[in-house]
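Here the chain labels run A, B and C in written order, and each chain numbers its own residues starting at 1.
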Amino acid sequence: MMRRTIPLFITAFVGSILVIAYFIPHPPFDQLREDFSIFFDIIAAVAFILGGGNLIRMHGNRVSRREKGYGYSLVTVIGFALVLVIGLTKMGNPDGFRNSSVTAAGSYFDLAYQYVFRPCAATMFALLAFYVASASFRAFRAKNVEASILLLVAFIILVGRTFVGAWLTAWLPPSLDFLTIPYLADKIMTVLNFAGNRAIMIGIALGIVSTSLKVIIGIDRSYLGSG
Amino acid sequence: MSRFIRFVETFNSLDKRWIFLAVGVAVVTATIFRLTFPEIPTPMVRAIYDKVETLPVGSRVLLPFDYDPGSEPELQPMADAFVRQCAEKGLKMYFIALWPLGQSMVEGVINRVLLEEYPQLRYGEDYVDLGYKSGGEGVIAVILTDLKKLYTTDARGTNIEAIPMMAGIANIRGFDLILNVSAGYPGLKEWIQYAGTPGNIPTAGGCTAVQAPLLYPYHPDQMLGLMGGIKAAAEYEALMMEGYPKFAENKARYLTALTRMGPQTVAHLAIIFFIVAGNVAYQIMRRRKGAAR
Amino acid sequence: MPSTAPRPAGRSGRGRRRGAPPGRPALLLAALCLLLAAPAPGQEVPPLPADPPAEAARPQPPAPPPPPPAEVRAADTPSDSGRSVTVRWSPPAEPAGAGGPLLGFRIERATGADGPFAAVGQAPPGAVRYDDTGVDNGVAYYYRVVATRLDAETASAVAGPAIPRPQWINTNQWNVFLILALLLGFNLYFIEHIKAGGKPFIRKIAGLEAVTEAVGRATEMGRPILFVPGIQDMNDIQTVAGVTILGYIARTTAEYDSRLTVPTSRALVMTTARETVKEAYLSAGRPDSYDESSIYYITDEQFGYVAGVNGYMVRERPATCFYMGAFYAESLILAETGNSIGAIQVAGTAQPAQLPFFVAACDYTLIGEELFAASAYLSGEPKQLGSIKGQDVGKLLGMVSIVIGVTVLSLALVTGWEPLRRAAEFVREFWSTELA
């Protein structure tokens, strides 16, 4: 019972206090949100030790048992250990161990960041360009009226985002400026799309209120490991 | 079955690897041949450019860079353009970051733009790097009232009181403009909500194209302009070329967004081709199936 | 690259209905939002005075000093945490153009009515207010406002004493309090109403109806089930919602004796997910089937995480993929990879920017609030279903407010009738929040 009761009480108390603190500007309530945010950051940073340890244990086991795909695990373990060591020892740091930060330009840590991490992250992000193309090819099919309207709108937006959009409708007189593709693309994004986004955001906000209430009053106990 | 129908059938269920190949070839071709296309600045982009142009010499501009290497290709050109224009106008630049990796983005732009192109500008007098602080919008709320409560040193460890351009600055309320570059949270929305609107500080900035629709509601009352994605950055560079013709002499260095829009435009056209061709193939097959029944 | 628009609803090749369209309330809300023409409200800044005429080349007589700001008053800034005094004044009595342009106002402060006064801030011409935040609580301050021209200035009468103090109640947020009280009240009412035997109508959510089918498919094919709880930490409510759904899916998985894999991006999410899945297996009577190593941490870094998950998907080829939580740019990468391995995909997120990608690439998508309704929907518990009804009433409140607001604002603009204009102003301010 204690395993459930104490966390439930803490959740209810802290949740209620933080909601009430929004309306109380008097110290110490004015700093509560910021303070609890910092508390969470500290806990998350300490919890990283758990995550890092789990990562090494799991991949280390795979390597030691020579399981299928253990090569990837070996790369993970070596990469983890290497960057940890060169970071902690500030290896290659031009100003030595004491007088500079871990990320000083020219250090091995900085080199790993600039020439390994950054290209890998940018490469993964670049995959999106290809996936957008394949997703568009598959998804934008005029199967019915709604799909056809969607296709037309997507076409206007895609063309409107390039110089071709302006070029295609450049011949229209100024009085028909509202029919030019860039204008239509702009209005679709800033009016139609924005209206839909606002509706979804209102729904999301209400969902957040409901879910938070369920957590605070103890109806939703998923974070304790039960529904 | 005729050869044409077989082709249409194949195209209708095309293996996506052909699409990847086509997009890849289109992008590589445009990159190799350095294709660029003219960009017509939109009002929201022009509003930012005009605002910076009208600021008097010595005005204070806060430049929060809240992005990381993943979005650097899309956002770096606008960050560079902002800094170049501020340097040309003789504005005081205060760099800050709410993302951990934003700090390295700041250092990159200082090394790449200020140290190389504007060596006459002095650190501590014309620009300063205040560094990264965790806390998201909490940081913004604090520096709106008391900047030195959080920032006792700059990113290089220098005491804030020893930096000439920090003299007399109690908070960011007296700043003339906030120019934010952001890839997510915390970002431009938080700067508008926690600094720009309550502090009555003109706020503008750039973000990834995907985020832009979520920020349109703030324009024009709370956000004087917005640059959404690489296209908007290219429009801004087009304005920079107009106002400062010297930047047209070295496109590869000064007009990276315009250069990158070339492959993007070609990739867009490739996607449009596949969408149109895919629909044509789909309709042909649908009619065939309907006729067969 | 622009984001892709949502893909059309219709039949997929597999005979499953892809991406149920949003329910009628959401469509109605979207239509009403279309009518909302007014932009988000911002702080009012008085207009700047017109540019002065160009001066003649002949030497001019010295310009008269500017008129002093009138009705200067200084008081503790209300509804704050202290250490702030608000100084207000009225615009100068004579037109500012007479004798040259006004450069602005200098605000000076002293701890005694006789001074000495020191400058504490500047305000632009046209300003009528300045907040001095460099003061200490409990100390009496006196202020004067100095109107400045190029070569002349005039100080106002001294205002004060103003003693800054922190307040216990932020009265500026009364509207937020009222709306919150209403929402909480509706939620609690419906929770109690349903507990007492009320029968709520909850429309079918296709994505959640498909959970059992999706798990069954994976069991038949002998392939694992992948669950991705987003890339944010446990302090994000979307992750909490995702982990809640994980509990139900884990119970179903335990009953079907399928393999469940949960790669996480945060260590705290890993520990919470492990507890949740363990409890689910216990409650399903299958504690032996629980494998702690199936829930593991990859990395906090966004693209490193999605690279790890993608690698798992391509190697192990899960039959079913669930994406429930907060996602950013990696959403399309995950969804397209899942599509390429032929998995059935159910996604749910409250990130509006990522919804189009999930709708385009996944079989079912929980849009925004449906993610938060999922735990109540899946449990079927009266206590939880009441919260869905509370959400619905909140939406109704929003829709009614939009209709009223748009009507009042439009009529005020068209007719210019003063009471309507004041009503429109009230509606605008009621739905604004003071965020600092």
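Here is the rule we use: contacts are C-beta pairs under 8 Å (C-beta built on N, C-alpha and C of every residue); 3 or more make two chains touch, one makes a residue touch a chain.
All figures in this text were calculated on a predicted structure; none of them were measured in a lab.
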Q.
Using C-alpha centres only, name the chain that sits farthest from chain C.
A. B
Q. Is the number of contacting C-beta pairs greater for A-C or for B-C?
A. A-C
Q | chain A-chain C separation of Cα centroids, rounded to whole Å | A | 15
Q. Taking each chain's centre as its mean C-alpha position, how far apart are chain B and chain C in Å?
A. 22
Q. Among the residues of chain B, which ones contact at least 2 other chains?
A. 16, 70-71, 141, 213-214, 217, 264, 267-268
Q) Residues of chain C touching 2+ other chains? A) 1-2, 302-303, 329, 352
Q: Among the residues of chain A, pick out those that touch two or more other chains and give their numbers.
A: 37, 121, 124-125, 129, 132, 134, 136, 138, 140-143, 151, 154, 158, 161, 197-198, 201
Q | chain B partner contacts - residues on chain C that touch it in the complex | A | 1-3, 39-43, 45, 84, 121-122, 131, 133-134, 302-303, 328-329, 340, 352-354, 434-436
Q: Going by the contact rule at the top, pick out the chain B residues touching chain A in the complex.
A: 14, 16, 19-20, 22-24, 27, 37-40, 42, 68-73, 103-104, 107, 134-136, 138, 141-142, 212-214, 216-217, 231, 264-265, 267-272, 274-276, 278-279, 282-283
Q. Mind pulling up the chain A residues that touch chain C in the complex?
A. 19, 22-27, 30, 37, 40, 43-44, 47-52, 54-55, 58, 69, 72, 120-121, 124-125, 127-129, 131-132, 134-136, 138-144, 146-148, 150-151, 153-154, 157-158, 161, 191-192, 195-204, 206-215, 219-220, 222-227
Q. In their shared complex, at which residues does chain B touch chain C?
A. 16, 70-71, 141, 144-146, 170-171, 173-174, 184, 193-194, 197-200, 208-211, 213-214, 217-222, 229, 264, 267-268
Q | Contacting residues of chain C [partner chain A, same complex] | A | 1-2, 4-11, 21, 26, 29-34, 36, 79-82, 166-170, 173, 176-177, 180, 183-184, 187-188, 191, 233-235, 237, 240-241, 243-244, 246-248, 264, 266-268, 270-272, 275-276, 278-279, 283, 293, 296-304, 306-307, 311, 315, 329-330, 332-333, 335-336, 339, 350, 352, 355, 357, 360-361, 367-369, 371-373, 375-376, 379, 381, 383-384, 387-388, 390-391, 394-395, 398
